[in-house]
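As structure tokens, here come the structures.
Look at the two complexes coming up: subunit A is in both, with subunit B in one and subunit C in the other.
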Partner chain A sequence: MKKFLAFALALALCLTSVAALAEVELTIAHIGPTTGPAALYGLATLHGAEIAVQEINEAGEFNITLVNEDDEHNVEKAVNAYNAALDAGAVAIIGNTTSKPCEAVSALAVEDRVIMITPSASSEAVLENGDDGYKGNVFQVCFTDPNQGLASAEYIVEHKLGEKAFVIYNNADVYSIGIRDTFNAKAAELGLEVVGEEVFNDETTDFTVQVSKAQELGADIVFLPMYYTPASLILQTAAAREYKPVFFGVDGMDGILGIEGFDTSLAEGVMLLTPFVATSEDPAVKSFVEKYEAAYGETPIQFAADAYDGVYALVAAAKEAGITTGMSVEEVCEALIPAMTTITVDGITGSMTWDETGAVTKTPMAAVIENGVYVIDAD
Partner chain B sequence: MIFLDNLVNGISLGSIYAIIALGYTMVYGIAKMLNFAHGDVIMMGAYIAFCALQYWNLPPFLALVVAMLACTVMGVVIEGLAYRPLRQAASLAVLITAIGMSYLLQNLALMIWGANPKSFPSSMISIPTISLFGGQLKIAGATLVTILANIVIMVALTLFTSKTKTGKAMRCVSEDRGAASLMGINVNRTISITFAIGSALAAVAGILLCSSYPTLQPTTGSMPGIKAFTAAVFGGIGSIPGAMLGGLLLGVIEIFGKAYISTELGDAIVFAVLIIVLLVKPAGLLGKTVREKV
Partner chain C sequence: MTKAKRKRLIYNCITFAIVIIAFIVLQSMIENKTITRALKGQLIPICCWIVMAVSLNLVIGISGELSLGHAGFMSVGAFTGAVVSGYLLHGLGVENETLRLVLAIVGGGLIAGLAGVVIGIPVLRLRGDYLAIVTLAFGEIIRNLVNVTYIGVSDGALVFNFLRKNVPENTRMLVDGASGAVKVAKISTFTAGFVLVLITLVVVLNLINSRSGRAIKAIRDNRIAAESMGVPVTKYKMMAFVTAAVLAGMAGALYGLNSSTVVPSQFTFNQSINVLVFVVLGGLGNVLGSVISATLLTVLPEVLRAFADYRMLVYAIVLILVMIFTNNPTIRAFADRIFAPVKRLFTGKKEAEAA
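Up next is the complex of A and B:
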């Protein structure tokens, strides 16, 4: 009996190693805030990545082990999480979810030669390497902040949403300023008239001056490069003044429908630049949303879709570069960097290519809020 | 018309400052302490009203009562636990305690309600917007209610402090705490009542603040609190009509500064005006200059 067991065991071992030969074994790490104040985003990217890994493993060819490290949206914890991920044998990183931790980790990763694909860290500092230009080993799935300004201006002009634009931005926030700068530059280039702009800061709750200026100047499109909290106040102020231009927001606007107590009818017709809309009829998006809802009991947000696409981009680049089991972290990184700039990934957030800076190029999509849900703008 | 529009916006903002300033000035006038936690009691009051409306589905009037009761209890407890033991201590110690209390309340709110901002339901004040001059000038229902509430509270407080026994006791405590207690006035009880009234007013202010500017988060009370404190100083701290005047002026100056000079400098203009007023009238617009014997 013992002999038989030993034989069976040997056979089983043999079989697994044969299977392993056919598949490329990769360990990748997801780093993001799965606890703490930004847990909403970190859990979304983790879940999105988990679904992509599951699909890829089912399809064969690759056998990916996903490890998760929590950075709590904290710079120090992020560095610990990065070290823990490398100790766990990860050869590539999906992360970090948020910009600040990603800046800290990517500064180490560029020295250690570790490839990073961040789903959602959108600041430019993630890609930049001090004064020496770009890191080159960090790739973004989402638009960089300033690129959202370009894409918004293009979208507004292309779809003829309005002729007189007015910008309200937070002059205490680099995110808001960055988008506003590129928006204005692009608007000037495309001949979209910006009739005026007004500022606010983090403490502002009274938007009557800003809104009434836009109203006086007869702006028919109001661009809001900001997060959803001030945006909700602007919408409420405009509604009280019966001012109804097209409000156009960026990714920070995502979440406006989730504010507890907010009258979503005020957001009716608001447009926002977003690469992912869960109610889309696209079969790939539908399948992702169904799997996500079945597994985690909630509708995926943009962050989840970005992470899902990030994992697929990594695998596409690994295929392109011919990554094999057992390659070191540095080997994987050096092989994937050129591969990333040659691949095109048709993901659920659009068709994407990357340049050597690590910034993504994809067609901007805009969603419009109709009956309290995001719908892809039909035009 | 644009001028009138801005004036209305300024009065609407100013009436919010005024109602918060009333609470500040009352506590300062009687207890001679700056209750920096006042703004945060306002925030707590708004959260409680939010819960009453949103989760317990109470009608607006009951929501107001619940928030006022809760804030009254909170005010008395804060005074009893944090400020009463320091009655004999230096005024700086009380000031620092008040700042500590302010952070405690903010973090408490963060713990209970989380960091995600909530939108205060518009069902609280269901008076429609009034249109004048064929729709060119609009006055929000919440603004009318706030101005009305200001006048009612101001008159009621003035009558209370001048006519009732408790009110007179308050003025005595304010004038000379030692002499008041020699005359048989229970100083601790009087100060407790002051805090109870001040905190009940904070609940009203919280509801009005959030009805006009409907985001609710743990820091909601801090900036309006500071502005209202400025308004109280502007009008003459300790003076009840002064708080109202200071609040209204501050709101109008802020909106005019933003509209005609610069939105970026809006707050700077407000504080510059405050400095000028204090240079000319150090006790504030309606404040009494008290000579102190040395």
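Up next is the complex of A and C:
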């Protein structure tokens, strides 16, 4: 009997180890600000990545260990977090969440040959390698800032949202300036008339001048490449002056419905360019939103969706490249770079492909705010 | 040799010995590849923070003035360093990294020193805590100024403007307003950091122990008495303040050239306070203390990574505990007893010789 038991035990051990062998063991690191001023974004990408990893592990084939390193949205800490992640045995990085830390880390990663998929670091310098072209080992899930300007102009023209555009932007913010520049260039190219523009800065709290100028010029579409806080003030000012053009924002507008004390009825009809809408009827999005709400008790924002798609993109590329357990960081990187440019990922932020520069190609979607929730623009 | 002089010599020797031994150990660890990436990546920042702490100690501990804008000087140094290095590379085609690093550090020190002079001349003539307020403002002004400063290289010439639209099209940007210094060529080395720490120690320790240093300390202890003895107060206060500014600028240049990107928002009031914490924890006027506390407090948050989101809480608790323990008479007496044999090793023997 004892012998039989021992035999059975040995057999069971063999079987489990065979099953384990079939799975590819990967350690990946999420780097983002999970504390500090940008923690809202870092936690969103972390949670999004956690859900993706959980799903992938449940599906078998891959067994992913997710390591989280906090970069506090600080360049020096980001480098420390990156080194700590590699010390912890990570072979690929989902991150960084924010642009400046990502620029610093990716400059190191290109030398160390570490693959990076950033959910939401949108500046162009993330992809550029000093003055010699592109890094090639860094891939973005989100649009770059300039591409948001392009996509916005295209969307407005294509869907005939207006004829006279007016731009209000923050001239102390790289994000805002970058989008405004390409928006204006693309608008000129497509024949959308930009009747005027006004600037503000981080300290501005009164937007009467900007809004009244747009109103005087008779603009029927007002483009707002900015974060949601100033946008909410603009909407209030416009409502007070009974000025009702189409307001069109970009991804920074995501979150406007969550501002405390903001009358969401003012945001009614506001459009924004976003790759992800939590109320979407798409089954993949629905399942993600349900899992996210169950696990973290809040509705996911697009940063979470970007990270979720980033993990899936990484796994898709790993399948394509035939990554196996125990490959070194450099081997994984060299194998995944060509694979990333051949795969197509149907994620919850759209169908995505990547080129050699690491920039993503996906169809921009616009959401419109109706009855206090984002819905996908039907037209 | 008097007793005081000998004590000073021993103190200085210990300070240098610790720094040099640490360098040799770390350098050999790098060569044997036994060092973790996390520690290796922190070596240059540690050197920078040591220089920052020692130089701030010169202002606070030795000359007795409170400066709350030390990160401002670091910022000036960092962006000057990035511009100097970038201009040498893109404007003049200087490929030699060491030369560029040295010139960038010197440049950063000079411009930060100049800023120190501009602030020091009016403020150090006053009595009271004006320096604290003015340096606090200085740090904020520098940050906002860099936010609207555009410097680049266009056709081999340096372009400078406060408006982005006035910068010519084909410019290679070096400092790009709110984006800070972009695409910086990383040229800082640990050896350069070590040399900078040594230079700082030599300068500061010699200054403290010189005739000027005694004058500075006399002003700190009793301004009226010092003045009545004919010590020119403003001159000596300026000497300490500007030296500290130059050193902070040099540290800033080294720090800036260690990363591919430097943002003005890295050098906030919080960062100045951080350096102040190094100084206070290491002991006012204690140079070796500043070196040790800057090192430990830079490494500590990284060691505490295992605590994840709670690490800053743990960090704060550690700070409080260290403060309590280093000031507790019982613990001090206990530490003195432990270190007594070591002390006797130096003093006891020599005392016998002297006798």
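The rule is simple: the second predicted complex is superposed on the first by the 363 of 379 C-alpha atoms of A that agree within 3 Å, B and C clash if a C-alpha of one lies under 4 Å from a C-alpha of the other, contacts with A are read in each partner's own complex, and residues count from 1 in each chain.
In this section, contacts are C-beta pairs under 8 Å (C-beta built on N, C-alpha and C of every residue); 3 or more make two chains touch, one makes a residue touch a chain.
Just so it is clear, the structure is predicted and the values come from calculations on it, not from any experiment.
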Touching partner for A:Asp206 - first (subunit B), second (subunit C), both, neither: first
Partner chain in contact with A:Glu58 - subunit B first, subunit C second, else both or neither: neither
Touched partner set for A:Arg241, first subunit B, second subunit C, both or neither: first
First, second, both or neither for A:Glu260, with subunit B first and subunit C second: first
First, second, both or neither for A:Glu198, with subunit B first and subunit C second: first
Which superposed partner A:Val79 touches (first subunit B, second subunit C, both, neither): second
Partner chain in contact with A:Thr229 - subunit B first, subunit C second, else both or neither: first
First, second, both or neither for A:Glu281, with subunit B first and subunit C second: neither
Of all residues in subunit B, those that touch subunit A in their complex: 2, 5-6, 9, 12-13, 50, 54, 115-122, 129, 135, 138, 140, 213-217, 220, 223-224, 254-255, 258-259, 263-264, 266
Subunit A-touching residues of subunit C, taken from the complex the two chains share: 36-38, 40-42, 45, 90, 147-148, 164, 172, 176-180, 182-183, 185-186, 259-263, 266, 301-302, 305, 308-309, 312
Residue ranges of subunit A touching subunit B (in the complex, touch as defined): 37, 171, 198-200, 203, 205-206, 208-210, 212-213, 216, 229, 232-233, 236, 240-242, 258-263
Contacting residues of subunit A [partner subunit C, same complex]: 34-35, 68-70, 74-77, 79-80, 82-84, 86-87, 100, 103-104, 107-108, 123, 125, 128, 130-131, 172-174, 177
